[in-house]
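A single structure is presented below for examination.
Each chain carries a letter (A, B, C and D) given by its place in the written order, and its residues are counted from 1.
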Amino acid sequence: MKFEPKSDHYHKKVRESFERQKFMKLINAKLIDVQPGYCEIHVPYDSNLTQQHGFFHAGVISTIADNTAGYAGFSLMEKDSSVLTVEFKINLMAPGDGELLIGKSTVLKNGRTLTICRSEIFIVKNGKEKLCAAAQITLIELKNSTDGST
Amino acid sequence: MKFEPKSDHYHKKVRESFERQKFMKLINAKLIDVQPGYCEIHVPYDSNLTQQHGFFHAGVISTIADNTAGYAGFSLMEKDSSVLTVEFKINLMAPGDGELLIGKSTVLKNGRTLTICRSEIFIVKNGKEKLCAAAQITLIELKNSTDGST
Amino acid sequence: MKFEPKSDHYHKKVRESFERQKFMKLINAKLIDVQPGYCEIHVPYDSNLTQQHGFFHAGVISTIADNTAGYAGFSLMEKDSSVLTVEFKINLMAPGDGELLIGKSTVLKNGRTLTICRSEIFIVKNGKEKLCAAAQITLIELKNSTDGST
Amino acid sequence: MKFEPKSDHYHKKVRESFERQKFMKLINAKLIDVQPGYCEIHVPYDSNLTQQHGFFHAGVISTIADNTAGYAGFSLMEKDSSVLTVEFKINLMAPGDGELLIGKSTVLKNGRTLTICRSEIFIVKNGKEKLCAAAQITLIELKNSTDGST
């Protein structure tokens, strides 16, 4: 599906919001691509991000599934809107065993109030990509609300 | 519901697994309580854990919802089993605006292969607790499998 | 949690909406109880409602999980509002093997736009009740919108 | 993704199981297509299947989302296995306002024990198809278990 952004500056708006999220810095997440209704985020392996077997923690995988969706949806929202996650559901299908986590999210429906997205998370090991998790996410657009804290 | 642990050392087993999760250290999560079929984890506020408005990031909230469930379920599993999250769904109901995040999870059903839990996440602001998120989680028990990476 | 209905006629409003749902008649569902933020629906066994093993079909169980939530939430909404299910997630934990299906739903949060509920579905066999399924549901309140089709 | 069925008779196996589900007959559901890892089911409009506005009831939409997934997964399972839905999550994105409901489901991952699917439900009005709902489903394969009740 092709989406038309409501704001010319959707890319700048997403990048600035991403940079205000200190948790993204803590886990060293990188905003790789933003298109209208699409977002991609990468997280390189770091032993600080692991669970008991030394793989990416499900919490990191879920964070990326949610955040890619949030920004895929945010790219289509009004200039003066902010975005919140209402809920999400994620299936963890393969261990996060690899050197890089890649999250990609696409908008399924961009409604007046609610936006629905699907995210896929891939794990890259020795350069080979594998589906690691899949999520379905509901976002709400808060109109006339600033995204930043100031 | 009352559950009988299959292993005497359920508490020690959970604590050791928790301590092997380096991501728990990164976000400064504390394992507060483990009972058969129950787990409680706390995360004190830290600006490194925030989203764009300076509140706890949904990724941190989700991590705690999942991890409390994982250990609530793990407390009931065989001594030689390990646990994986199959999937979870979380509703974010109030902003993570406060000084402490409290996650509590309870087992709904402990089956032979699958265990279902419900988690509630509370945010404490000026000492007052508020429901922040609610989740429903499916776990799988992997028999004859070590929990650790060694 | 105790909820205050915004409309005196919440009980009548729910009952009338329930009676307009022809699918409830088809599956012979009965509206048993409505309180502010709570709803209970029963479905007696009928071989027309079964899956391949002769038990209640997951579709019937899900229908009741969703509908009890819808009316638990609707009981708290404005007089001139209608309700829609945004999404729900259900875990099927035991076969629907019995003579009666009982659905109960409780509101977790009643927000301005969105309402979150949890439903439990019990199966009664030889008079003994067993937890069959558990669901978590997101509803949206559509203000100044009629519930009926006329 | 391309899947190899483990049983030559996957098509026959699915059709026979579908025909044993009396609830499918009650709602007049038709099994339209089965491929390895794929299933499509149609339900023509009938006023008995409606909610309060005269549209397809969310319970019918959910039933189809779940059942297409169940059979998409079942098509890949061993000859002597049966299938159960562990859980599913569905987003209802547009009213079921039309003359035909079309459900399509695709397997995302076919594991040893668990299979994950995604379903899309379309509503056809005046011949025009529209995305009505999207679901993500977890199935479990029960080995050495008959699908039928006899």
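Methods note: a residue touches a chain if its C-beta (ideal position, glycine included) is under 8 Å from a C-beta of that chain, and two chains touch if they have at least 3 such contacts.
Small disclaimer: the values here were computed from a predicted structure and weren't measured.
Q: Between B-D and B-C, flag the pair that has more C-beta pairs in contact.
A: Of the two interfaces, B-D and B-C, more C-beta pairs touch across B-C.
Q: Is the contact between chain A and chain B built from the same residue numbers on each copy (over half shared) or from different ones (under half shared)?
A: same
Q: If you fit chain C onto chain D using the CA atoms, what's the rotation angle, as a multiple of 5 degrees?
A: 180
Q: Which chain maximises the distance between its CA centroid and that of chain C?
A: A
Q: Roughly how many whole angstrom separate the Cα centroids of chain A and chain B?
A: 22
Q: Would you mind pulling out the distance in Å between where the CA atoms of chain B average out and where those of chain D do?
A: 33
Q: Cα centroid separation between chain B and chain C, in whole Å?
A: Using C-alpha averages as centres, the distance is 29 Å.
Q: Show the residues in chain A shared as contacts by 2 or more other chains, in ascending order.
A: Within chain A, residues 86-87, 89, 91, 138 contact more than one other chain.
Q: Inside the complex, what are the residues of chain D that reach chain A?
A: Touch list, chain D to chain A: 89, 91, 93-94, 108-109, 111, 116, 118, 131, 134-136, 138.
Q: Flag every residue of chain D that touches chain C in the complex, lowest number first.
A: Touch list, chain D to chain C: 17, 20-23, 25-27, 47-54, 57-60, 62-64, 66-67, 84-92, 147-149.
Q: What residues of chain B sit close enough to touch chain D in their complex?
A: 86-87, 89, 113-114, 138, 140
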